[in-house]
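Common to both upcoming complexes is subunit A, partnered first by subunit B, then by subunit C.
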Partner chain A sequence: MTRLFAMLIASLLLAVAAQAASFRTEAEQETTVRAIAAKLRCPVCQSENILDSQSGTAKEMMTILREQLAQGRSEAEIVEFFRSRYGDYVMLSPPASGYGGLVWAAPLLLLLAGGGAYLLLLRRSTRASGALDAAAPERSPLTEQHLKGLEL
Partner chain B sequence: MVDSLIKLGQLAVCLALVLSVYAVVQAVLSVTGHAPARLRAARNVLYANVALVSFGCATLIWSFATLDFSVAYVAANGSSQLPMIYRLTAMWGAHEGSLMLWLWYLTVLSAIAAWLHFRDHPLSMPWVIATLAAVQFGFLAFIVFLSNPFLTMTPPLTEGQDLNPLLQDPGLVFHPPVLYLGYVGFAIPFAFALASLIRTQAGTEWVKVVRGWTLFAWTMLTSGILMGGFWAYYELGWGGYWGWDPVENASLMPWLTGTALLHSMMAQDKRGLFRTWNVFLVVTTFLLTLIGTFLVRSGVLTSVHAFAVDPGRGAYMLGFLTMVMLVGYGLILLRSERLSADALVESAWSRESAILGNNVLLLVAAATVFVGTLYPLFVEAVSGERLSVGAPYFNKVVVPLMLAVVFLLGIGPSIPWRRMNPHRFKTGFRIPAAALVLALAVTLAFGVRDVLTIVAILAVSFAAAATLADVVTGIRARQRTTGEPLWRAAARSILIGRQRYGGLIVHLGIALIGAGIIASGLFQTAITVSLKPGDSFELAGNVVTLRGVEDADGPGYSGRAAILSISRDGVPLTEMRPQKRFYRVRSMATTEIAIRSSLAGDLYMVAGDETAQGGIVIRGYWNPLVNWIWAGWFVVAFGALLSLSSVRRKRAPRAVSAAGIEGVPAE
Partner chain C sequence: MTALAAKMRDTPRWKWLLGGAVVAIPLLLGIGLTKDPSFIPSMIVGHEIPAFELSKLSGEGQVASSVLVGKPFVVNFWASWCVSCREEHPILIALGEQAAHSGSFTMVGINYRDGRSAALSYLDRHGRFPYPSGVDGRGRTGIDFGVYGMPETYFVDAGGIVRARHVGPLTREAIVKNLALIGAQP
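This part shows the complex of A and B:
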């Protein structure tokens, strides 16, 4: 049984991983171009990056991006160049400073609040049920059997 | 004559508006006196409104079919060059008509809900009907006064402005109707939630009704979202299916809260837990479907300035949302004390606790998407600065949350309620744990080093293995006790445990979708080449050769197709013809993608600009395992329907329920 599973999963994963191999055949330069382009917003489109957009502006920006990369500029320099030209709006991933910082903090704060609420409720709840158990010890021997019945 | 028909449609909708007010009044008054007669009158309005609104929609569709350009909406969204199938579906191609579709669904589902539950829930019915009629009123008033598709103009235009070419696709026939059915489906749980709050009663009957409708709405919403993804994939031509566009996010938010609701509903069903929380989730999900519909259609998501173009509509939408929010959350605040749970979470190692964890993660994800989607609007309104929150942001923050959910998806169904014996944990997860180790080894062996990618692959493998193990364990247990042959044991146990197995099958489908998303998202290959006839390039082991470029005209457009022949190891496989189209009426260019699908992945070709020497620019993609996403949808839909088939209505006998209406609680 276990072996059957293992084989099934292995073949599934092989299929996935085989793609990883073909991924690396793509030209290094073009990979970098695509990675950067996916982070830049086409300023005249509705929430599209310059890689996917068919607009003239986006194509122009792609050309500039390729040129600058060929000149040996770094990703940060290129992004900064477009940012100085079009403003923060051009960055699909908002800057971590100013107004952008808040939107990065939001998921963390939300997760902390959610996790806190979860732990608090669990602690209060398990403590209260512990008190109940102590008050009604005759329920305990049945529990295990009860559980089995409930699961199905 | 035709002109008077559309006027009749307008009249029918106006009548429905008046009747919806009447229904609210009668339903509420039925609580104080003359109960059966008033309640029946209110219910009959729900029935009548189906007929009236259906007639309204029919006149609109008829105007499109007959190309009556004296109707302003038809003139703006139809043309004589539009094929019949898109004339019939152009109604929901733009703002006004899509609200008509929403309204039509609302009337139909309201009537079905009234018909199904009228006798079983006599004490809730006044509030259920009043809520549904009030929501109908909200939409009817908006349609009649601010967003009227029945307006005519004189003199009529001789030719319309045509439907947006991007919408001239079979996707239009399926995606919006299914998605909207998902949205509107949550209106019924919302009505029952308000009724339970007003009556301060959220008992087991409430659970059964809400569970059934939620499951139905969730299935439709899931299908609608995936259909939308599929449509974007083959129509928009950027090689992907999900761009974290505000419009997409708007449909994802109610999906996330709806998924949370489905699970926590189970805790109430089995253990009487999380009552207030479930009501909160119902109200929130319904609100998010409203926000989805309104914000997407108002254009406010592109810029706050779009809001100012039509301030009346914007103000009304905000007012309506605020109203629903105040009533829903207000009632929860007033009544939550008295809706306390029967039971408690006894241990951190229990199904209840896992469901709680699932809810926290899904809600944090929903809230994150909400913040990310609306934050640019907020900043622009406050400071005038413009900033973007796009795909890179959401991928970074939402994907890890969803991976945690996928891990839980594997664990959750095999953890028992109340508390778990640690020994069981060890034996129960032997197989998934083995799968986890194996997946890690294979992933590393293939040189994947990105942490998020590795975690994603592990999460999906673990969830798939755990779910499969769960299914197999259940079937084998039955086989052992009954001695039946394997296939019969499988069929029997799945048939008997439809709710549980349905859920597990849905989980399996989600794992498939997850695998498809990981592979196609992280291991996509793309290439852009300029080809002359005879040139070829290689993509994922396939050799693609340009044979030529030819004309490919069709109804309403002129097109050019690139003819590409595909071969592998010297063996010719097929021919692909990506097109570029130019729609004359709207003078808009679109691309028509060519796709060759296989289980391993899709070869995806987009035609670009033509070059001087009879050549053309081609952008080619190799999207591995992308079909697993669509295959996963079938699995999810099958599992959900299986689970839905286990929802039984408990019919109250006639005599008892009549007494119930007189005031004896039958619930």
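This part shows the complex of A and C:
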């Protein structure tokens, strides 16, 4: 009787554990779904991802995303699925390769160009003032006196 | 003249750069204003048409891409909820009649994300197409085509390669230009 009771308890615990595990994987899957969906732009909206969009197209894209994840496809494969249909437009942040790379590189290039121009100007102006110093006539006794007066 | 040349020569380089930027930046922004930010270039132009097999809106049977390939054809996405579809409706009917008359191309419609009864009563009000429409209720075929704005029309050559896409209501000019691309007589 005790053995039977123990077995019953054990099987119950096992069932609860299995249920908890399936809940956890479901939650994990949902996190993945949301992470991918947040990166995909709804093609019929203005700058909205398919997770937030209420449009029918975005909702259908969410369904496709869930289906493909359930089929075991990777994030890259799913993104590629939508990219082959809507192009880079479907990605909220442009890809770092190809034409999209220009968007990422532009701020850095501009910063380098601006910094370079600034340094060049700075160097030129210090050189110019140095040249001015060298060409300056010797200080007159009057100025020397003035300087001494100031030091006092 | 020489005074001007001398003045130009004496102008410091930074002034030239600044002047160039003052002209170039508004110019670039101005060009940007003329572009439509919601325009999405089509990914399937130059590629094989995405396969579809949809049940007909009215009557028995299916509208399938496999049957259409072999002759140039035109695919038009439409819906009863799409306001600008009404604008192109008479042009579509005329084009369908033209297709039936010339026999050099086929025409097919895809009823996109619509209700069957809404679509049928829309056709009753505005006139029936002289060609069949397939039902894409969930919009999967639309997603395969990369449809984002309605109406959209695709021009496909006899080999099944998409040669052009037209977003928005069809115009006679667009029809003449794009039919030539797929080897069909307008």
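Assorted remarks:
FYI, the second predicted complex is superposed on the first by the 82 of 152 C-alpha atoms of A that agree within 3 Å, B and C clash if a C-alpha of one lies under 4 Å from a C-alpha of the other, contacts with A are read in each partner's own complex, and residues count from 1 in each chain.
Please note the rule applied: contacts are C-beta pairs under 8 Å (C-beta built on N, C-alpha and C of every residue); 3 or more make two chains touch, one makes a residue touch a chain.
What you are looking at is a predicted structure, and each value in this text was computed from that prediction instead of being measured.
By the touch criterion defined above, A:64 lies against subunit C but remains apart from subunit B after alignment on the C-alpha atoms of chain A. Contacts of A:89 after superposition on the shared chain: both subunit B and subunit C are touched. In the superposition on chain A, contact is made by A:121 with both subunit B and subunit C.
Residue contacts after overlaying the shared chain place A:52 against subunit B, while subunit C stays out of touching range.
Touched residues of subunit A, counted separately for subunit B and subunit C, are more numerous for B.
By the touch criterion stated above, A:44 is placed in contact with subunit C alone, subunit B being left untouched. Of the two partner chains, neither subunit B nor subunit C is touched by A:97. Residue contacts after overlaying the shared chain place A:106 against subunit B, while subunit C stays out of touching range. Once both structures are placed on chain A, subunit A residues 46, 87, 89, 121 are touched by subunit B and, in the other complex, by subunit C. Listing the residues of subunit B that touch subunit A in their complex gives 236-240, 243-246, 270, 302, 344-348, 353, 356-357, 360-361, 363-364, 367-368, 371-372, 375, 379, 383, 385-393, 396-398, 401, 416-419, 421, 430-431, 434-435, 438-439, 442-443, 445-448, 457, 461, 464-465, 468-469, 472, 497, 500, 515, 518-519, 523-527, 540-541, 589, 591, 600-601, 622, 624-625.
In the complex of the two chains, the subunit A residues touching subunit B come out as 1-2, 5-6, 8-10, 12-26, 30, 34, 38-39, 41, 46-49, 51-52, 54, 87-95, 99-100, 102-104, 106-107, 110-111, 114-115, 117-118, 121-122, 125-126, 128-129, 132-133, 143-144, 146-147, 150-152. Within the complex, the subunit C residues that touch subunit A are 14, 38, 40-41, 43-44, 113, 138-140, 142-146, 148-149. Subunit A makes touch with subunit C in their complex at residues 43-44, 46, 56-57, 60-61, 63-64, 83-87, 89, 121.
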